[in-house]
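Here the structure is laid out as structure tokens; the discussion comes afterwards.
Chain nomenclature is as follows: A, B, C and D, assigned in order of appearance, with residue numbering initiated at 1 for each chain independently.
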Amino acid sequence: MAESPSKRAQNGGKKGKVVLAYSGGLDTSCILVWLIEEGYDVVAYTADVGQGDDYDAIRKKAMKCGAIDYVVKDLKRDFVVENIWPAVQANAKYEDRYLLGTALARPCISKGIIEVVKEHNAQAVSHGATGKGNDQVRFELSCYALHPSIEIIAPWKMPEFYNRFQGRKDLFEYAAAHDIPLPVTTSAPWSMDGNLMHISYEAGVLEDPKHEAPVDIYQMTTDPDKSPSKPDKLEIEFKKGIPVSVTHLGDKTVKTDPLELFLYLNEIGGRQGVGRIDIVENRYIGMKSRGVYECPAGEILITAHMDIESFTMDKAVRRIKQTLSLRFSEQCYEGYWYSPECEFTRDCIDRSQECVEGKVTVTVYKGHVYINARESAQSLYNEELVSMDVKGDYEPVDALGFIKVNAVRLKEYRRLRGVTFAGEATK
Amino acid sequence: MAESPSKRAQNGGKKGKVVLAYSGGLDTSCILVWLIEEGYDVVAYTADVGQGDDYDAIRKKAMKCGAIDYVVKDLKRDFVVENIWPAVQANAKYEDRYLLGTALARPCISKGIIEVVKEHNAQAVSHGATGKGNDQVRFELSCYALHPSIEIIAPWKMPEFYNRFQGRKDLFEYAAAHDIPLPVTTSAPWSMDGNLMHISYEAGVLEDPKHEAPVDIYQMTTDPDKSPSKPDKLEIEFKKGIPVSVTHLGDKTVKTDPLELFLYLNEIGGRQGVGRIDIVENRYIGMKSRGVYECPAGEILITAHMDIESFTMDKAVRRIKQTLSLRFSEQCYEGYWYSPECEFTRDCIDRSQECVEGKVTVTVYKGHVYINARESAQSLYNEELVSMDVKGDYEPVDALGFIKVNAVRLKEYRRLRGVTFAGEATK
Amino acid sequence: MAESPSKRAQNGGKKGKVVLAYSGGLDTSCILVWLIEEGYDVVAYTADVGQGDDYDAIRKKAMKCGAIDYVVKDLKRDFVVENIWPAVQANAKYEDRYLLGTALARPCISKGIIEVVKEHNAQAVSHGATGKGNDQVRFELSCYALHPSIEIIAPWKMPEFYNRFQGRKDLFEYAAAHDIPLPVTTSAPWSMDGNLMHISYEAGVLEDPKHEAPVDIYQMTTDPDKSPSKPDKLEIEFKKGIPVSVTHLGDKTVKTDPLELFLYLNEIGGRQGVGRIDIVENRYIGMKSRGVYECPAGEILITAHMDIESFTMDKAVRRIKQTLSLRFSEQCYEGYWYSPECEFTRDCIDRSQECVEGKVTVTVYKGHVYINARESAQSLYNEELVSMDVKGDYEPVDALGFIKVNAVRLKEYRRLRGVTFAGEATK
Amino acid sequence: MAESPSKRAQNGGKKGKVVLAYSGGLDTSCILVWLIEEGYDVVAYTADVGQGDDYDAIRKKAMKCGAIDYVVKDLKRDFVVENIWPAVQANAKYEDRYLLGTALARPCISKGIIEVVKEHNAQAVSHGATGKGNDQVRFELSCYALHPSIEIIAPWKMPEFYNRFQGRKDLFEYAAAHDIPLPVTTSAPWSMDGNLMHISYEAGVLEDPKHEAPVDIYQMTTDPDKSPSKPDKLEIEFKKGIPVSVTHLGDKTVKTDPLELFLYLNEIGGRQGVGRIDIVENRYIGMKSRGVYECPAGEILITAHMDIESFTMDKAVRRIKQTLSLRFSEQCYEGYWYSPECEFTRDCIDRSQECVEGKVTVTVYKGHVYINARESAQSLYNEELVSMDVKGDYEPVDALGFIKVNAVRLKEYRRLRGVTFAGEATK
């Protein structure tokens, strides 16, 4: 028997108004009802960052569960322009491999929820992220940074909640008892999270790191052995380190709108099976976790950006920027998008991109992205200077002095220390 | 008419003994003869680092040109163990992409030449590297570091030589005039350098960065669209960050000897078209150059090593080691292998690898290397801890405090500064 | 009326045995009694890290308060050798100024408490550090790292405790009610913490950062305007980056024992008023705090060590080591002494110190440490090479090439970009 | 007999016009005459960066030596504003100690010489820096960067010059033979270089690193034991990390003009004996050298700036900025002021200083600078938050979770590895 309607009636709104990040799934639906029971008025909120859900259906479900309002914000373009583009400028990869698809979306979603908080004059936000993951951190740090006095209700970290709902069975029973529509499909034996940049898969069978990811897990990318036997060749143009146009050199498709351009690269990269990775990464909270990701457009763009950057950026600037990029990736992964240090880092990186412009030709084929060629009006490459056949302004004899002076320190070291290097014959 | 024999006779050995890094090609053959003309006794030396030349033929050519001796040193195993293994431990990539195949071979070759110098009681070394490239630096810095009083004769940086030999035509004429055997094949319209780790292609038609590399340029790797339609699945085992065994999970081939293991991965990676890159990089001497590389085994090993490292290395150690790896790549690229800083960096990295052990399963297919799974007795991954379904020692409520304390700084910043972040609604 | 005796009798030991870090002060005495009330058997523990207390008096007080045992561990030598020496090797300064006197002592104290836990077969540790400081973190992280299953009882973070004891008045009343001996002296209007390395002062009147520290606050150092008018001149000898002997060049005093040497430098530095700083630093928990410190021996040693290090360490090694030192200072400050990353960093730094040996002459006078001279058998300084009057092996003409090659990149940048630098005339 | 007049007449101007950095000393006077002999028209140029010379006397000497023109540029204000202020923002110290007084002046002087080149339509510049020092590099790299096609004539690196002038005696004889006015005073047994920021002393008796600097060497600073017995107390105000006003809290002197402010701090620091250091540093060209420096205003300003920066800059931003500052110091020391990387680094650092403002009180006394207090409208210090007596928004219980989550990784490491840390009892 449903006990809640009366309880809801009794408590409704006593504790104020909370905006719940609502996906329409079982977890957040149970949380929605539970919050009402606890005495909150609940505004359900979905950020559309390209996950492609049926927002009308979600709205209906939210209202049926008792939300006083439902808001869906289309943040797809913001996500691309505000979050993904800086990551492309940074060639951002967490721990050298993960393209941060989830991490980049979180500040965007959080920015939206704080807007809803202000629009609805709410006091609190709530979310369904677990207490062991990165997303809780990203979500909450972003909210605190944007709205320091916000209250955050995270049921999966509240003993009264997580001790009550110890497994999916408890959620199902609660849903049944409270007229919460149940999901019609059986859920996969893993958890997934998607947006227009990527889909991540983790948990369930993936928790065993020596268990290979099932072949049918991927939703954005075709398996390379089923992908087309014909490569896609693209020309990608950058300005200030940001992609401004993509041209398919085969069928002459051209995309210049940021969102369309990104989605188009997802389409090409997806059909060519590009951007799959299977990694064990270090969560911010100190445990290692195994994740499987697919990130087609991101992989293509970072590969191409890295090339045009090397072509147009001074070598010494590049080294400093490389370190800043490592910091950016960590800040982003750990939820510090809205922090003084991440804003500082983004500003510095953006400064480094002033002349990162030009066109890169890439071939996307069977799971891999190949760089073919590049050109730029801001290139620091000088064909004549580098040519073995042209002496030009460069006098080879100068290299003698260059090397001799650089050797001073090495010779002195050897002479004064008399050391022998590992691997060196000592006879 | 050949003027040299008499001149050679007159000057022969007056200036002492020089060991020439000799490839048997047109350049170094001309240099050999020219050195004799200049009054040196020349010991020709070839380092076998897996380039697969016919050393008997080279010996004959050297002796015919007038060398007083010819020495070939088989350094293949040294190269793998002393130079490539540390690079694998470091996940070494120069400027995020180049696996350093040439740079790693240079200290190995130099170590060999200094051994020959000592064995033959010579005073000088000579080489045919040009005055615009990295190799002159790597070669000379290594020699100075290992033998501070060595004299280095680099004809391509001596005006009397490079003003005399301004093009290939001058070399051909000199060769004809001095009975130097001419190459029978027309050389490719680019220059290449190979060893067992990689082949590099540069110069010639490649000097135009918007000119795509010819499809037939590659010699170690099959074009992905001609590669087998069947993936190769391998299990690679590491100890202390070094590969100790490779097992083909299909045909059960097993390789454990370092050199055999590496060559086998070249074979597998080669037939699957793995390890091709086309980049513009920054030379040490300050100019950008365009290089095309293929490095099959290296690509497989670094991909696998990075995975087992993430699995077994503490997160905070990893960050420090990541910075050390960047330094290592730069040191190696710039010719500082035999330097106090590179030896220090290698020692630190080696220290970080103490527990980097375990097995990684990889799929090599159509130009790409996929990680499938990993296991290790030294894993720092705790399946039970990370599981969403197991609470274990980890109390989700603790994450509340973790986040709140981390938010203190962000909230204060917002409150005290009242700033708005870029992209944030300001209404 | 004292309610506790009976309560203590009722609960005594029910919850097991706890080792309390006990100073004998009001706070930890109240905690001792409170823990007994809560049902614990309490072993009181004091780490003697040079704070110079009367341990017999503390023992009596502990036993009077109801401790089942009292342990004092003399960790002074351990503190110097295990914790301070690595900091000297690192030239460790947190945020460029703070010599980490408190932070270095915490792992030492924690190591001792875990030993007591094992010796007494206890289940828990307790401490009186507040919930806003760094020490709680350093103490608890060290304990968890050394004994993962340890339970930590931190009353100042337990609402039932801190809501009960909201001010010193509550502690006084509690002490009075439980026969806890009260401190006889009025406490200073600031809080202080001392050990043989330093004394720190914070809180109270110091909380206002524009309020100058009282002139009479300092206990280890003489005010420079009251210090002797005669400098002390010392020769400090290092081996492997560690001080092995100090000689007073005036009165010929010699100290070689680590502890005696360190205390002697405190004496000299103290009378000369050396090592005072007044800073605002960033606590690990994200708030800024103002601290006043005096650290005489530390200041002398790091000044001297930095000098001998520069004299004997290769320039490029120094740069890498400098970054490692920054990491070490942060790790140490934030409580991660017993962590994989700090042990790794210490090992790397230790590796860098292999040849850091020799003698440095310093003058200590009126608050400042001056370097006068240095000598070392491992010096990498070559007087002949550097002399303007000796050409030696160095050919000035080589510098031409060195500069020209280094200028290639700059000239190209100017030519290809046509930029003007800030401050440059553009006419 | 003077051979030169006729030779000068014969060659004069045949090779074009050269701008010589001219100090009026023996070296550059000889170079001036030698350049004329070699066939150049010489414009003598002095940059007034505060060295306090008699420029009229220098002009007369230059013209007497045969210069076609003499130009003195007053660059004192530029030097302070364009070069020293960025160094203060960076807290720039090369190798942790050297405040870069010479290095900062070189780009300023070079900017001036290139202006003269353009004003006089010259083809070349010349200077008297030796071939073993840093200044040649700084000077030449700056000139090449600002004017890529400039020709640089560095006689001390030209064998025809340095083989002719092997010692001071040769210069004296040449001067005598060419009517070059001889210096009236005997030169000190060391070399020195000064500007308004500092004076450096090196060479001569200082070349022996165990030889103490003579007590009478210092020219800007009073010996601490002769300095006033009364401290000077100053309030220094910063905006955007730059000092905008200095107030003497004793006599109420106020300075706000950048140049006056800097000179005033030199006066105060000078009489208090502040800013002396004696170090062995690593030159860019790879040799270690010993330098003695005095830099009074710089020492005061960096000490004060570091304090106000810590007070107003976010902790995480500070860490990133700290690394950028290290890079800036290296770039500056090595002569790369006018480089893409240094301009990038300065821009990033400048970005970090946006809110670095407020007032710092310092005491300058007997060779040391003490921070007393600070205040700022942009402070990120929150007295209420940090107070032990105020709970405010900070709940101590949160620290429990903070520490526990941070301990997850440490506990796991211990459990899974079972390692024992160095120094830990293993019983």
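One rule holds in what follows: contacts are C-beta pairs under 8 Å (C-beta built on N, C-alpha and C of every residue); 3 or more make two chains touch, one makes a residue touch a chain.
These numbers were taken from a predicted model, which means no experiment stands behind them.
The chains that touch both chain C and chain D are A, B. Under the touch definition stated at the top, chain A and chain B share these contacting partners: C, D.
Chain centres were defined as the mean of their Cα atoms; on that basis the chain farthest from chain D turns out to be A.
We define each chain's centre as the mean of its Cα atoms; on that basis chain A and chain C are separated by 40 Å. Chain C has its Cα centroid 44 Å from the Cα centroid of chain B. In chain B, the positions touching at least two other chains are 285-287, 314-316, 319, 323, 336, 339-340, 379-380, 382, 385, 394, 397-400, 402, 404-413. Chain C makes touch with chain B in their complex at residues 285-287, 314, 316-317, 319-321, 323-324, 327, 331, 336, 339-341, 344-345, 347-348, 351-352, 405-410, 412. Those residues of chain D that touch chain C in the complex are listed here as 78, 82, 91, 95-97, 111, 115, 118, 130-132, 136-137, 140-141, 144-146, 148, 154, 156-159, 162, 167, 191, 203, 207-213, 224-225, 229, 231, 276-283, 285-290, 306-307, 310-311, 315, 318-319, 322-323, 326, 330, 336, 338-340, 343, 346, 361, 365-368, 370-375, 379-383, 385-389, 391, 394, 396-400, 402-404, 406-407, 409-415, 421-425, 427. Residues of chain A that touch chain C in their complex: 314-316, 355, 378-380, 382, 385, 393-395, 397-402, 404-406, 408-409, 411-413, 416-417.
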